[in-house]
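Below, chain A partners chain B and then partners chain C, in two separate complexes.
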Partner chain A sequence: MTKEIFYFLVFPGLLFAGVLGGFLSWFDRKITARVQFRQGPPLFQPLYDFVKLLAKETILPKYGSPLTFLLSPVFALAGATLAAVFILLPVLGIESGFSGDLLVIIYVLNIPSVTYIIGGLASGNPLAAVGSSREIKLILSYELPFLLVLTSIIIKSGMTINLREIIDVQIAQGANIGSLSGIFGFITILMCVQAKLGLVPFDMAEAEGEICDGIMIESSGSVLAIYKLVKYIMFLTLPALICGLFFSGLELSGINILWSILKVLLVVLLITLIRNTNPRVRIKQAMRFFWVWMNLFAVISIILSIIGV
Partner chain B sequence: MGKKTIIPIGPYHPLLEEPEFFKLYCDGETVVDMVWETGYNHRGIEKICESKTFEQVFYVVERICGICSTSHPFAYANAVESIPGIEIPLRAKYIRTLIGELERIHSHLLWVGLAGHFLGYNTVFMWAWKYREPVLDMFEMITGNRNSYAMFTIGGVRRDIDSERAGKLFKVLDEAEKKINLLIGAVMDDPVIHARLKGVGTLTAKDIHDFGAVGPTARASGVDIDVRRDDPYAAYDLVNWKVITAQAGDVFAKAEVRLLEMLESIKIIRQCLDFLQKNPEGEIKAKVREIPAGIGIGHAEAPRGEVFHFVKSDGGNSPIRHKIRAPSYTCIPTFRRSCIGGTISDAAIATAAVDPCYCCTERMSQAYDFRTGKKLYNAADLIRLSQQKTEEIKKQLHKR
Partner chain C sequence: MVNFQMMIFFPMLAGIILFLIPETLKAVKGIITILISVYILYLAFSVFSAASGLYQMQCTIPYISSYLILNVDGLSKLIVIFLSLFSFLFALYSYGYLKGKQSVECYYSYYVITIGAAMGAALAENLLFFIFCWGILGLTLYKLIKGHNEESSSAAKKAFILIGGSDSILILGIGLIFKLTGTYNISAINISTSGALANAAFLCLLIAALTKAGAIPFHTWVPDYVEHAPASSSAFLPASLDKLLGIYLLARICIQLFSLTAWATMLLMIIGSLTIICAVMMALVQHNYKKLLGYHAVSQVGYMVTGLALGTPLGIAAGLFHLINHALYKGGLFLSAGSIEKQTGEEEIDNLGGLSKLMPLTFFSMLVFALSISGIPPFNGFYSKWMIYRGIIDFGSGPDLVNKLWILWLGLAVFGSVLTLASFIKLISGVFLGRFNQKFAKIKEVKFTMWLPQLILASLCIFFGVFAATAILPTLFNFAPISGAQNLDGLWQSPQVSILILISIVLGFVIYAIGNIGKHRREDSFIGGENIQDETNFAPSDFYKTITEFKLIAFFYNAARKKWFDIYYLGKGFILGLFNIFSACHTGILSTYLVWVAAGLAIILLILI
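This part shows the complex of A and B:
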């Protein structure tokens, strides 16, 4: 039991994922700033943001449900940490996980998005309601291609639904990204992760210029701080999942640490570049993009992995 | 139709640089009706102008808007100079034209940046504003200020541009042109921007005529109007340039018109600098003894469209009536055609596409009861109330 609590709270859960995710979000902001001719934040800025927000007053919305509004960030944090534990344990090679953990990961990864929606609706703000409705549509769009890509990976790895075994197969036979089906799958999952993280071009749930941060509009103080922490954790978890599925996992021993860091940074760099070279699309366009193009890519990936390319 | 929700854009909103209130009545994501509320920015500029001398009014109208801070003095100068019928020196005409066109470049770059920001494309925002810097540097070299240039005066301009400085300006202009070309390429060739802006907020030529919209908003819908060509002032009839129009009328066409106009402006500035360098000597200010009684009308093509100033003089040293009509005043109401029926995301960029300048627009305010819609006070009532209040305070002070 103590081991599980340690996993959840310290490594690779809350503390580890929060700190490393904060670093990755700093990396993202620094690269963004450099692309935009700006100086960018200092290294500890994510920490400063988090601590400052914790110290600020939390304002409860007048026309909402305060309990739901306050609980949803807690559930979001729990869900994100759980996802981090389930993904990082096998990806880092600490524990082999259990049979079928990929299915659990699919569910757990959705908890933060769902709590955003609930929190947004509970705030009683019309702009948050618009944001929530957009987030729902977004989940409906990216979830299917995400599942299809996972199917393609599962077929490729000999019908195993255990993340560690998928990584082991890759270590034995070469990383999934090296094959044609892997490339199609990688493009698809990168877009899905972009949408899951709520970054441009799929940030319409928070669209600052249209609905002033949408689902987050009423969050303040510690509520916003916890949402920020959730974002940090997701910023590590999702790239780590991509590394596990396509780059034969991460390792924490010897010189391999450097490789692991490079892999994660590469994925984050791609995500950052995509968000800096695109405007926000309309929700309709995003849905069409995922349902037509990304599903097509994912299906191609599945067909290719059945053929064995 | 289901229940309508009011989605507020404003009074404080990241989309608007100034306090302003757009009420979007939405059915789901679709905008079914839209109402515009003003009155947050009223400063009584016209009344203030009546208490200043003709010379001082320049610096007041310059502060109507921080972005098009030369177009208002331009139109005012045209208005005042038309009362005695002053012909300003050729050199002053060229310098005025140069300042006006530099302002157009910096205003359009600012708009491109903001439009990028509204689309969540912050890279374009930062790049456009970075590339705006050389233009502001040029302003600083010429006038000493990056904004609010205090360059105009009755009968001419206040500062000269010597040939040495003109040479330096050429260099900065070349640098700016390169960057502007880069930005134009980046914006016009981006497929995602095309997907996002084409067919959004479309205004037909009929809509433009119905609302009397002006400037790039009108030109993007194929309405070929431009004060600089239709009623030339300053040196616009002496330089070689052309009016940019587009036919589509959507947000992309408006962006296209603005981007290409910048290149025309660079062309005009080159010719002005060339003239100033070749003719280094010359008066920059005509002597004006007094402004006789009469009315003066002046207009100028601001970056957003036609600015109109009406000045009435009784032969004294200050205008007895000063009326201003800014371009946004007719451009903003076009949202009734461009936004209704679209989605919230489209409404946001379509309202921003006319480059609204709210502080320019607010000329009069009235207070309404928000439940019944009954008129409570108009400007005169508010002044009367204010005076009553002052009287009461005075009385209380005397009692002590």
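This part shows the complex of A and C:
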């Protein structure tokens, strides 16, 4: 059990994923600033944000359920860290005996979004309710294509749902991104990850200019600090999952460290560029986009991988 | 030697005796019912520890003794233990719920008779004894709803016609089985679904099982029933007992009575997937929380049917485990709904809100049930759904067309699970979270006898989820066709994960302690500087309006509103149409009648000659 606690709290869980995710979030902000001809934040800005928010006064909702409101970020943190452990252990190739398969990963990855929604609704704020309804509709939209891409990968890897075995197959036969079905799958999952991270064009749940941060509107101080930490962790976890599914995983030895970092940075760079070059869409447009186009892409990917291309 | 007939006939007799106690002594009847259910629970434990095998009931009349054989095996033990557990919990709840309430007449008598009949159906070895008990259940189902509100009668009639119709089809199926095998004994029957007669028998039994469990297209009695029945009957019959028995029959069909061929598996998979998706889509747009739960009671059956249809040990174990989990959380959900209804008198989600502070125990238990049914790890619903998904993926490597379509089955099952989550977000937020309505300022938490069953069920949901692989599956699900199915290769370690979640809760509080949460302040919602008015509220029931705006989906919702998919209304339309033909003949003109008589005579003569 001590081993699991170490995985969970230190490596590759909370501490590792939090720090690296914070770094990736800095990278994202720096690139964004460069795209917009700004200077951008210093390297330790994510850390400053977190510490500053912890020190700030927390405002609790007057007409809502304060306990639920306070517990939501905690469960979000638990879910995100669990997802990080389940994804990073196999992706980094650590033999642990503590793992979850792809189905578990799908469900664990949903925990943070669900807790955002419950936390937002517990605040009793009407704008948070608007944000929550958008977030749950977004989950409804991207869940099916996300699953379908995973089934395409499962077929390619010989019906295994173990992430480590999927990576081993790729190491033996070449990365999934190298095939036609992989390219379709990659595009689909990139969009799903964009939506899971709540980034433009799928940030309608938090839409700053429109509904003042939506589900996060009432969060402040320590509550917001934990939410920030959760977002850092997700910012590492989801790109790492893409690397595991399409770029034959990451490795932490010798020159491979450089390659691993480049792989993750490439995925993050793509996400950042998409968010900087697109406007926010309406929720109905997003739903149609995922239900029609992304499902179509995922089905094409499945058919191609059944054919073996 | 366990006294098995006590389990079946003692409650039936006690129920009949309870008719003699006048309705004014309802509390006394309630206490007697609780005591009987405790005794049945005790007997059920002794059944559970008894050796498997066939048992002959003691009977002085020689002729009927061959019908009174009981079949005690792993499956019936599992069903019996949960039947008695739920009977006890819901009897306890009913005591508080029905107190001071004008409701169903002779509720407790029918309740106790139901327990006996359900035990009989679960233990019967002989199909004729089985149909005897099964038939009584249809009658008590009818009686346990009547008189709750004005529309109860029509809902009761609908349930009775659908259930009664399926029962008569079941009798036909049993007759066909007897023609095929020459025996009524369940353990001696094993038919392959290949011949025409065998297929007909299979379909007859399937219709009976699916109607009882409430799967599409025979589900339509469930939502109406739960809307107009007392919450305790909804929890007792459609949510737990009828599910347990319907799926029990389906499991007997799939495991024992028939060996399924590919087309039968295909049929079951289609029914399962359609049930999951269609029912949950209907639940998504409901405004009445009882009806919403009713549609979920239908939707979840789809997972069980899917699991059993897989036919692999893993699939069957998953389907049965989901059945138990479903009965735990759906029973709990109906109890919580009953508590809300009793305290507030409201049945519409829109009229409620902010009850979490006033009814904290109900809120906690309902949240646990909602997360369980949505399949959030590490609750029990997640574990059984995960087993079903694993079963589907393993099933995908088979040779037939139905195996090749595994992605479809998996996709629909997972998508249904997300839709479930969506509709429960609406329920929880609409009832418990959100802004507090001053109208309900004086509401209190329900009485001890009502919140205790809710909390017991909630803790069972957590327990079954956390210790599924280590305690529950090896003890309860370790019988003939499915033993060993629980030995999955350890890719979801629920106990460890639960400890980690506890650690992170502690960690969260540490973070809150470091950040000075003690210095917090309470403020009203900020909505961008405007004043909060009633119009600014965003009602949870409008959450999914966007979905109904898509043309294709809107078409199906419209069709459902016109009751195109309701087999009861279709059947009613058909029969009334026949009536029209016949009534067209009844013109009242005597000369026309004479022509008919003459024509009839001519036909008879022609046939006779």
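To be clear about the criterion, the second predicted complex is superposed on the first by the 304 of 309 C-alpha atoms of A that agree within 3 Å, B and C clash if a C-alpha of one lies under 4 Å from a C-alpha of the other, contacts with A are read in each partner's own complex, and residues count from 1 in each chain.
Rule of thumb we're sticking to: a residue touches a chain if its C-beta (ideal position, glycine included) is under 8 Å from a C-beta of that chain, and two chains touch if they have at least 3 such contacts.
Everything quoted here is computed from the prediction, not taken from an experiment.
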Look at A:276 in the shared chain and tell me whether it touches chain B only, chain C only, both, or neither; answer first, second, both or neither.
first
Does chain B (first) or chain C (second) touch A:38, or do both, or does neither?
first
Where does A:126 make contact in the superposed view: on chain B (first), on chain C (second), on both, or on neither?
both
Could you figure out whether chain B or chain C reaches more residues of chain A?
C
According to the stated criteria, A:207 is in contact with first (chain B), second (chain C), both, or neither; which is it?
first
What is the contact status of A:159 with respect to chain B (first) and chain C (second): first, second, both, or neither?
second
Go through the superposed model and pick first if A:284 touches only chain B, second if only chain C, both, or neither.
both
May I ask you to decide whether A:10 touches chain B, chain C, both, or neither, giving the answer as first, second, both or neither?
neither
Intersection of chain A residues contacting chain B with those contacting chain C?
126-127, 129-130, 133, 211-212, 283-284
Contact residues on chain B for chain A in the complex?
5-8, 13-15, 26, 28-29, 116-127, 130, 190, 192-193, 195-196, 343-346, 348-349
What residues of chain A sit close enough to touch chain B in their complex?
32, 35-38, 126-127, 129-130, 133-134, 200-201, 203-204, 207-212, 276-285
Residues of chain C touching chain A in their complex?
354, 356-357, 363, 374-377, 382, 386, 389-390, 393, 396-397, 407, 410-411, 414-415, 418-419, 421-422, 425, 428-429, 432-436, 490-493, 496-497, 499-501, 503-505, 507-509, 511-512, 514-517, 519-528, 532, 536-538, 540, 542-544, 546-547, 549-550
Complex interface listing, chain A residues touching chain C:
1, 4-5, 8-9, 14, 53-66, 68, 70-71, 73-75, 77-78, 81-82, 97-101, 103-104, 106-108, 110-111, 114, 117-118, 121-130, 132-133, 136-137, 139-140, 143-144, 147-148, 151, 154, 159, 161-162, 211-212, 217-218, 221-222, 225-226, 283-284, 287-288, 302
